[in-house]
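Can you read through this structure? Questions will come right after.
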Amino acid sequence: MGHRMAVPLLIRVAIGAALAIIQPTATPQAQAAGTLIWGMPSETDTMDPHATGGWTTYQITYQIFEGLAKEDLTKGDVPTPPLVPGLAASWEISPDGLQYTFKLRPGVTFHDGTPFDAAAVKFNFERFWDKSSPNYYPKAASFVVAYAKWIKGMEVLDPMTVRVILTAPNYEWLRQGLQSYGQPLMVSPAAVKAYGNEGIALHPIGTGPFRFVERQQGVRTVLERNPDYWGRKAQLDRVIFRPLQDPATRVNALSNGEVQMISTPPWDEIQGLVDDGFKLSTNPNVPYINYLYLNMKQDVFKDVRVRRAVNMAIDREGIAREIYRKTGRPEFGLLSPGTDAYDPGFRSYKYDPDAAKKLFAEAGYPNGFKVVFEIPQVGTGELVESWIQRDLKKVGIDVELRKFEWVTYMGRWAGGMGQDIGMNEIGWGMSTPAWINIVARCDTMAPDGQNSGYYCNKEVDALLSQALTTRDPAAAKALYQKANRIIMDDAAYVPIVDDLQPIMLSPKVHGFVNPPEDWFDLSTVSVD
Amino acid sequence: MVPPDTAHAGVGEGERSDGVGAPAIPPASGRRWRIAAFARDRAAFAAALFLVLVAGAALLAPLLSPYDPAAADNLLRYAPPGTAGHLLGTDAQGRDMLSRLLWGGRVSLVVGIVPVMVASATGLALGLLAGTAGGWTDQVIMRLLDVVFAFPMVLLAIAIAGVLRPGVWTEVISITVVLIPYVGRLARTATLLVASMPFIEAARAAGATRTALLLRYVTPGVLPPLLVYATTLVGLMIVVGSGLSFLGLGVQPPASDWGAMVSEGRIVLRRAPHATVLPGIVIVAVSLAFSFLGDGLRDALDPRSRRR
Amino acid sequence: MRGFLLRRLAALVPVLIGVSVVIFLLMHLAPGDVTTTLLGPQATEADRVALRRTLGLDQPVPAQYARWVARIAEGDLGTSVATSRPVAALIVPRFLNTALLAAASLALAMAIGYGAGLLAALRPRSVLDRVLTGVTLLFGSTPPFWLGLVLVLFFALRLRWLPVSGMTDMAGEGGVLDVARHLVLPTVTTALGPAAIITRLVRSSVLEAIGRPHVRVARAKGLGRGALLRRHVILNALPPIMTITGLQLGYLLGGALFSEVVFAWPGLGSLLYDSITARDTPVVQATTLLIALLFVLVNVLVDLVNAALDPRLKES
Amino acid sequence: MDGSDIVLEVKDLVTTVKMGGHEVRLVDRVSFTLRRGRTTAIVGESGSGKTMTALSLLRLLEPPVRVAGGTVRYLGRDLLALTERQMAEVRGARIAMVFQDPLASLNPVLRIGFQIAETLRAHRKMTRAEAERRAVELLRHVGVPDADARAMDYPHHFSGGMRQRVLIASAISCGPEVIIADEPTTALDVTVQAKILHLLDDLRQEAEASLLLITHDLGVVAAMADDVAVMYAGRVIEQADVDTLFHAPRHPYTRALLACAINLEDDRNTALEPIAGAPPDPRRRPSGCPFHPRCPDAIPDCRRIDPPLEAVSAQQSVACIVAQRAMADA
């Protein structure tokens, strides 16, 4: 009864199997007609539009859900996405700017066949705004707060008409509902009743040009064309969103034909891909400024001359030219591109290291000082951060980089800089000029807002509040620009570069539009 | 990659090996470190020489490196090796590769050596205690080691990076913590084997106290296999450290180490292969050198295994 | 044998408890809690406090731990905070993917390791020995993520033989052959490290067994080379080999993370990495426990195999 | 003694080991014969090459040790010329061997019964069941109590003596003509030694096999051997039948060996005289007669002349010029 030895057998089997697999099958994957596979830098979180905040998530939910108003993302050559009727065919704003009466679009159904009407709108508003309603969902309320905090009341006039009363006039209110951090898009009430507030994230039912098919967490999220869509129907049969965290893998997947589109390609690989025949798509007005906060509570930064000197010491043009190349533009203000208030010609501080050194000396720091610069793991990236560190070193400022893992960094950034921290950074912006309120008002100082550097200038707050209540966009623009000038004169922030949102596309992709927004309308796209 | 073969440090003699592959215990007599034998083993000798050179270069980085490792020249990004003034070319930010390799060596060698030394000391202490005390102490220590043993290495590193901050100390601590059970188990097995040898009973009969027994008799028996195992581990830990840098948990800019250089350069492998290939080769060479050094040490300390 | 098994399984319990306590503390010590991901930075402090209360995060850590263990006992792994899906639904498919990759990698590592190790041991100090040991050592010393990329550049981008990412062809219908094609590069990348370790140990273990006196006695009995090798050399060399193979399988469950990241292979490792960065504690805890449980179970299995192979072990 | 009863004839056997580039002789032109039904002993201090000689007969050497010359004729065939496969058929079936260390000579992971049956099935067409049954009979035959049950046990369940009995059972399982026993009892305690030796002798007579007994114990030689060969530094320095050797040793080394042995019959309490010095290192063997540095009768010629083994009578040969010359004069 000697032992039957399986080892030699095992070896033969394993080698045999391995060889059988490697025989060459040269053709790249067969391409289903009209399917776009998009390689994204990270997995998206829950697909409940009311309860999510990530840009990458809106890149999917924008295809499934729609709001009463909508941004037209099919135009790339406009300074800001035009505001167009969505599920509301039309709306009127009362002269005092307090009442918005929406005429709903008739004949629209949700993907689950249930009708879209005033009752559905009421259900959605109760979900993210009305604490007294059984449909109230606290998580949604906390995400949609920027939009919902202006609502005083809401009433259904008839099955196809709804009126919303604001607490105060805010002519950016509609636009604020189409930004990140909680979008009040219309979710099918029947689906919420069927799957519950948490379950809706797994069964997203909206009215958009694409319908949800399935999601494999970390693998793919599949949408298909909605044949009954009320507007221009999508051309693609299906869209597949694939998280590919590693930049090298994203590039290789594109080259190997496993994806037809990737976002955030590594800057240094773009030229190589273009040479290989892939198309680079960018937009000059994407609302995305990479900027630094200076900690106004730190003594060194209380002196405006020091803040100005820091602004002068950093070579924005050099960073845009050498690192971002054709996918970045130097930025000198804090008004977000992609809005009608943005002025591309705005200038604040020229790159002048010698003048900066003089200013530091004048302010009492002839041989510079030490400053701690907190950065996130997935921020602008080491290339930019070390460039800034070198530029400041040249003028005597010794920068210590402290990198934090993303979630930890978010907590520290949202919570406001500690006393020992001099600077931190973020890449942000919105297609509404009102964004500047969130980051630069006295009353939005962290931890109650994203003014992480505790900048406070009463005059700026007054101008911004007035701008919100100015109906005429041109007049509002003048106010925002005046505020922007004051902020940059105070030099409380150090804007660096606008990211032009580079997207690499396979030559097989047609009709893709890169709009002045952080997500895209895929219904115009087709793949041969 | 997990450190290997607890049993690798040779397999015990005689029938009492408990099947888990106790380490080779040199016979009680003739344990002198035979420099001659070691020198004759050409591979080990070459490896030792190479490592001394590498360590020297890293230590003398300030003198040897032609440029400041953080000095970037934007006009010279991705310059291939052999470009004027830059023997090994430049990296993504136009920094001199040779200088970064030299300075990076300091961090990588620390990431390789410090955890192995600390883990060996702790592991030895725990192993000796568990091996000689036996009973409850042995069980408790072994179960504690099992807890850390069952923890996937990478998870521990990520969690520690979350608690502390990504950086060299995160790497060092995570690698140390993960290594302790491997060394601890090896030390315990070695202790059990040495403790059961006749010369220990003879010493006990001659009235040696427990601590004397432990220090003068058991430890010298346990040290050689541990030393051999530790040497091979250093190389492996440098490779593991490079993995942590790849996940962004390692050393933070502007400082760098070989692993971070490999993972940074990796993104543009096609366009500028030298950026990732050069540090890659250094890691492989140093890691190989430590393995050969380990083999050489094992043969020198345990003449019986030279026959094979 | 049953007593042996029960004793070994009993020893598991404290280990698993230990692992669960450690990971629970680590997740609580990590700054930045789940409310930042859940509520987004715009939420006010009051909202965060309210949410912490509803999630029970404001209770003392031991109480939270106790509540969590109680739920685990009933088989409820909790729901993922980031994706609001039941943790089990998240983990099981990812575990199967990792299991597939780990099994394939181990099979390859064993094929290389046992083959090369045995050949090297049968001709010690020969050219074959030096070549085999040298090559496997070389691969064992290469950072896996770098190796993966080089393989991709050659086999996928230049020869266009193999896919670069994922587990199946996204647009295709999948199927065994499709998965197999996607499995090749990640398996080779993951397997070469363990293969080097297994080769070294098989070589030293077989050499040691060959040197034992009973092998000479068996030869004196006139046994043929095959029987001699199988029954008298390999059988005695197996226990340490089995132990190290078990260790490598344990490593592969957690350690295949590099291949999972480089090849976008949707395994447990990348899920773990993402859920830690998202502070998704329920997922992290369940995944860690699963990996730890598998690791210790594999080691118990190895002990059983070794006990079957070597009677002295059974009685110790 | 005519040639017909010669079973095994070893002539000028040379076995070397490759050390630091050159071949060192461990066995240096050894010759002796094994006669049917008789026990020949090879005696000598450890390191004299006696075990190496035994292993060379069965070609059980592994690199860097190898047989460098000479012939080993077994029933007319030179074993050194056989292929490995042919040699395997001889080992265990025609020439069997019992080893010194019973503790390590049995495979610890296989059952006792199996390890004996294994030998049978290697040489005989037998089913597993038959081999196992035969194994149990063999165990009973070599004196293992309760053989039926014990066959299912593993080696570590047996004492040293019992394991040696198992090895002997395995050795005789195929009825070999020659049994080589390399210090079969050295590792055992005294009480068990006698039993094992008697067992070996009974089995040998029963099978009319010849026994080649390797030992350093003159007591064992006296008890067991018919013919004796004394080895020193890899050579046979004296060969004779047991009575001649004990009563008329010619070679000074043999005489010295005998002087060391305790002789119970002799009532004089003579002090034991150890032999000065130690056996030479094979790498730096002295010139001429290897024993001359320790030899009390050494004469200058001993340092020059390398004494061949020459017959000084029908039953005795010696490799010592002083002894040879003394015989010639007498």
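All chains are identified by letter, namely A, B, C and D, in their written order; residue positions are counted from 1 within each chain.
As a working rule, a residue touches a chain if its C-beta (ideal position, glycine included) is under 8 Å from a C-beta of that chain, and two chains touch if they have at least 3 such contacts.
Predicted model only: the values in this text are computed from it and were never measured.
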More contacts between chains, B-C or C-D: B-C
From subunit B, the most remote chain by mean C-alpha position: D
Identifier of the chain whose CA centre is least distant from the whole-structure CA centre: C
Centre distance in Å when subunit C and subunit D are each reduced to the mean of their C-alpha atoms: 54
Distance between the centres, which are taken as Cα means, of subunit C and subunit B, whole angstrom: 21
Inter-chain centre distance, subunit A versus subunit D - centres from mean C-alpha coordinates, in Å: 90
Distance from the mean Cα position of subunit C to that of subunit A, given in whole angstrom: 37
Contacts with two or more other chains, residues of subunit A listed in rising order: 2, 248, 405, 408
Subunit D residues counted as touching two or more neighbouring chains: 104, 108, 110, 118, 156
Subunit C, residues touching no fewer than two other chains: 30-31, 149, 153, 157, 227, 231, 235, 261, 277, 309-310, 312
Complex interface listing, subunit C residues touching subunit B: 11, 14-16, 18-19, 22-23, 26-27, 29-31, 124-125, 137-138, 140-146, 149-150, 153, 157, 193-194, 196-197, 200-201, 204-205, 207-208, 211, 239-240, 243-244, 247-248, 250-251, 253-255, 257-258, 261, 269, 272-273, 276-277, 288, 291-292, 295-296, 306, 309-310, 312-313, 316
Sites on subunit D touched by subunit C in the complex: 58, 60, 84, 88-93, 96-97, 99, 101, 104-110, 118-119, 122-123, 154, 156, 167, 170
Residue ranges of subunit B in contact with subunit C within the complex: 1-2, 4-8, 10-11, 15, 18-21, 143-144, 146-147, 149-155, 158-160, 162-163, 235-236, 239, 242-243, 246-247, 259, 262-263, 266, 269-270, 276, 280, 283-284, 287-288, 291, 307-308
Of all residues in subunit A, those that touch subunit C in their complex: 2-3, 5, 7, 10-11, 14-15, 17-18, 21-22, 24-26, 28-32, 35, 37, 39, 43, 45-46, 53, 138-139, 142-143, 145-146, 181-182, 198-199, 201-202, 216-220, 238, 240, 242-246, 248-249, 252-253, 255-256, 258-259, 405-414, 438, 447-450
Touching residues (chain side subunit A, partner subunit B) in the complex: 247-248, 251, 266, 268-269, 272, 318, 322, 377, 382-383, 385-387, 389-390, 401-405, 408
